[in-house]
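Take a look at the structure set out below.
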Amino acid sequence: MNRKFLEMETLLVELGRGFYARGWVLGTSGNFSAVVSHDPFCMAITSTGLDKGSLMPDELVRVDANGSVTEGSGQPSAETALHLLAVRVCQAGAVLHTHSVWSTMISDLHAGQGGIWIEGYEMLKGLQGVSSHTHREWLPIIENDQDMVRLVGAVETMLSQHPDVHGFLLRRHGLYTWGEDLAQAKRHLEILEFLLEVIGRTRYASATSAS
Amino acid sequence: MNRKFLEMETLLVELGRGFYARGWVLGTSGNFSAVVSHDPFCMAITSTGLDKGSLMPDELVRVDANGSVTEGSGQPSAETALHLLAVRVCQAGAVLHTHSVWSTMISDLHAGQGGIWIEGYEMLKGLQGVSSHTHREWLPIIENDQDMVRLVGAVETMLSQHPDVHGFLLRRHGLYTWGEDLAQAKRHLEILEFLLEVIGRTRYASATSAS
Amino acid sequence: MNRKFLEMETLLVELGRGFYARGWVLGTSGNFSAVVSHDPFCMAITSTGLDKGSLMPDELVRVDANGSVTEGSGQPSAETALHLLAVRVCQAGAVLHTHSVWSTMISDLHAGQGGIWIEGYEMLKGLQGVSSHTHREWLPIIENDQDMVRLVGAVETMLSQHPDVHGFLLRRHGLYTWGEDLAQAKRHLEILEFLLEVIGRTRYASATSAS
Amino acid sequence: MNRKFLEMETLLVELGRGFYARGWVLGTSGNFSAVVSHDPFCMAITSTGLDKGSLMPDELVRVDANGSVTEGSGQPSAETALHLLAVRVCQAGAVLHTHSVWSTMISDLHAGQGGIWIEGYEMLKGLQGVSSHTHREWLPIIENDQDMVRLVGAVETMLSQHPDVHGFLLRRHGLYTWGEDLAQAKRHLEILEFLLEVIGRTRYASATSAS
């Protein structure tokens, strides 16, 4: 297990630095986790307030199913409960949360509709279980909330209504996505961030006449 | 031949990582190929579903003219038939396919015209056989399709009508381009991606008054 | 102290190169400082006119509370007085000044209001002392001025009226921010640059209809 | 002299790779030069058609005042005459030419005015001889032309009318700038590219109401 933990830590650190380079987790924002073992349950997660551009493996902590630290010296992310929720309800093996410019913008511009339908893009096929660009993906938007218990409740309610989603937006906050493992979660993150940028830029372009 | 294969693999891997850094092949999207030998025909191509940011030479496979794997352990890209078509019809020695934000957008915004005319840009001179910025380049847009046989047929029909194109867009999917060798294909890709960004951004700017 | 100075120089150089990579300090623009000791007062600051992409530790100088060089061979930044002001009035341990595209633009577009209110973003929580996205942050905009004494006076007056700000914009010039130490100053910089980009891009998106 | 040449080659190669990373010289576009010695006159310049992302020192050639190769095996850039013109008329020690998205766009959008006035930006102070943001900089736009003799003539006429410019745009082609040495030319390039991006983005933002 120690061996696996080290590999996972290394992968998480590499992912984090890559997302930082893209500007998706500036200012110590964002947090990442991966399940290390299911029985006993153990999840590695970034400590709170870390600079993701210089993330180090020993800046992760391990938590149990209640979010209590079982190993490591930092304080787990304040949003650990959302990670544990995705693991429990969506059978996620890894959960990634970013604060990008486009997710922040789209989560606000479409908040009135409670989410955004994304369809017709080849990129959607990279989402687990999707086999055609004609797929219609619902990306829910949840109102941001500093009360973590209430926020987890709102997300859990949404997930029970939309069990097939691959992620969700917190309004003016950022994107949550997950996967069976880190590789799949990374793929989902890149796809959703890409699609949010396409949607955001298309808003301007559609309002102008063709050149 | 083995020596050449290794060099080509190394080049393909470097190209792929570079395109990933630019955000042109996020979420395991995109695929790249290069002809290793003509007789017997052998083409190296990326396996399906690879993270292009950590692409390794041994993640490529070799296929024959029918797309059957002759060497390597992965499954070749699902779009191998499009690569083989460009090799056969356009005498391509290398084929590159990306999913960038701008190609995705432009392929949709101009789909109604079946393509987009690009003219008047100095950058066009980097396309093989073009000697003046006054050149008019037609970049066709093909409707996206999950039926690969039908899609290959549509592209083949287009190529027979427009034999001089340097690439084409699949609607809401991405860009295909090619060259006599990898260096030329890379040049064509960078030029077309650049021009699509210029065209996309100019749409907004043209709709506003000069500052 | 020497040891601390060397660590600080290394950190400042790394920060500077990172900001250069993001395009925030192109063309030798921007300057960075950090307090090395309080008694006697000693601040490390970038020399004037340096290329931030190839910044080296020995290109920093040390100055006293009057901005006079006490160690190092370069000429301190022409804006050293603004750094010393932030140290004195805001108890800053580090001061960062960038010239980004978005800060330049927003500082001009909102100059008529003397600043810009930023509220409702989760990212605001990364600013020291802010605990909710509902926080309302005032980012003042000061008219640019080549008379450094007059400019320092204008900033000092603003700081006495708005002692809780985390930074300010100089019109068509750039962003100043600071923190207790370099890590906090870096966090504040990334957060404010991020929010300025979100605000700038949202201006276009809000003027168009939803897709 | 050999020693100096090697240093200059190394610097040119580093600059070129950095500009490539920013997307300013994609698709083998752009060319860079630096004067190695004045008597006898010798200028190092990039060969034609090079991938700037993998530029190597031995891909430069040396030319004399007529543009004839005196050392090196490649063919000098087709635009060598424009470099020699800037050296002769503007006393340039280094000349840099890029094809960025924003310079391509702005050179077209403002072509009707024959150039663009840039004023009021602190960044202007990084241009040699400019001491205040209130400076008004004229950036001329010359119609693109494949006839190099005619193009050089048009640029020379413009330079005789506007001897104080720090660069110029070729319409739908790109930016030329220069400096006493490579460091100054690099500074001028980054400043002008930055300002063109600010001007381009401000066009959209100004057309919309404040958020």
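Every chain is named by a letter (A, B, C and D) in the order it is written, and numbering of its residues begins at 1.
Simple rule for what comes next: a residue touches a chain if its C-beta (ideal position, glycine included) is under 8 Å from a C-beta of that chain, and two chains touch if they have at least 3 such contacts.
No experiment lies behind these values; they were computed from the predicted model shown.
When every chain is reduced to the mean of its CA atoms, the largest separation from subunit C belongs to B. In this entry, subunit A maps onto subunit C through a rotation of 90 degrees when their C-alpha atoms are superposed, rounded to the nearest 5.
Per-chain Cα centroids separate subunit C from subunit D by 30 Å.
In terms of their C-alpha centroids, the spacing between subunit A and subunit D amounts to 43 Å. Contact of a single residue of subunit C with at least two other chains is seen at positions 202, 204, 206-207. By the document's touch criterion, interfaces exist between A-B, A-C, B-D, C-D.
Those residues of subunit B lying in contact with subunit A across their complex are 23, 26-29, 51, 53, 99, 101, 104-105, 108-110, 144, 146, 170, 172-174, 199-200, 202-204, 206-207. Residues 18, 22, 120-123, 126, 131-134, 183, 186-188, 190-191, 193-194, 197-198, 201-202, 204-211 of subunit B are the ones touching subunit D in the complex.
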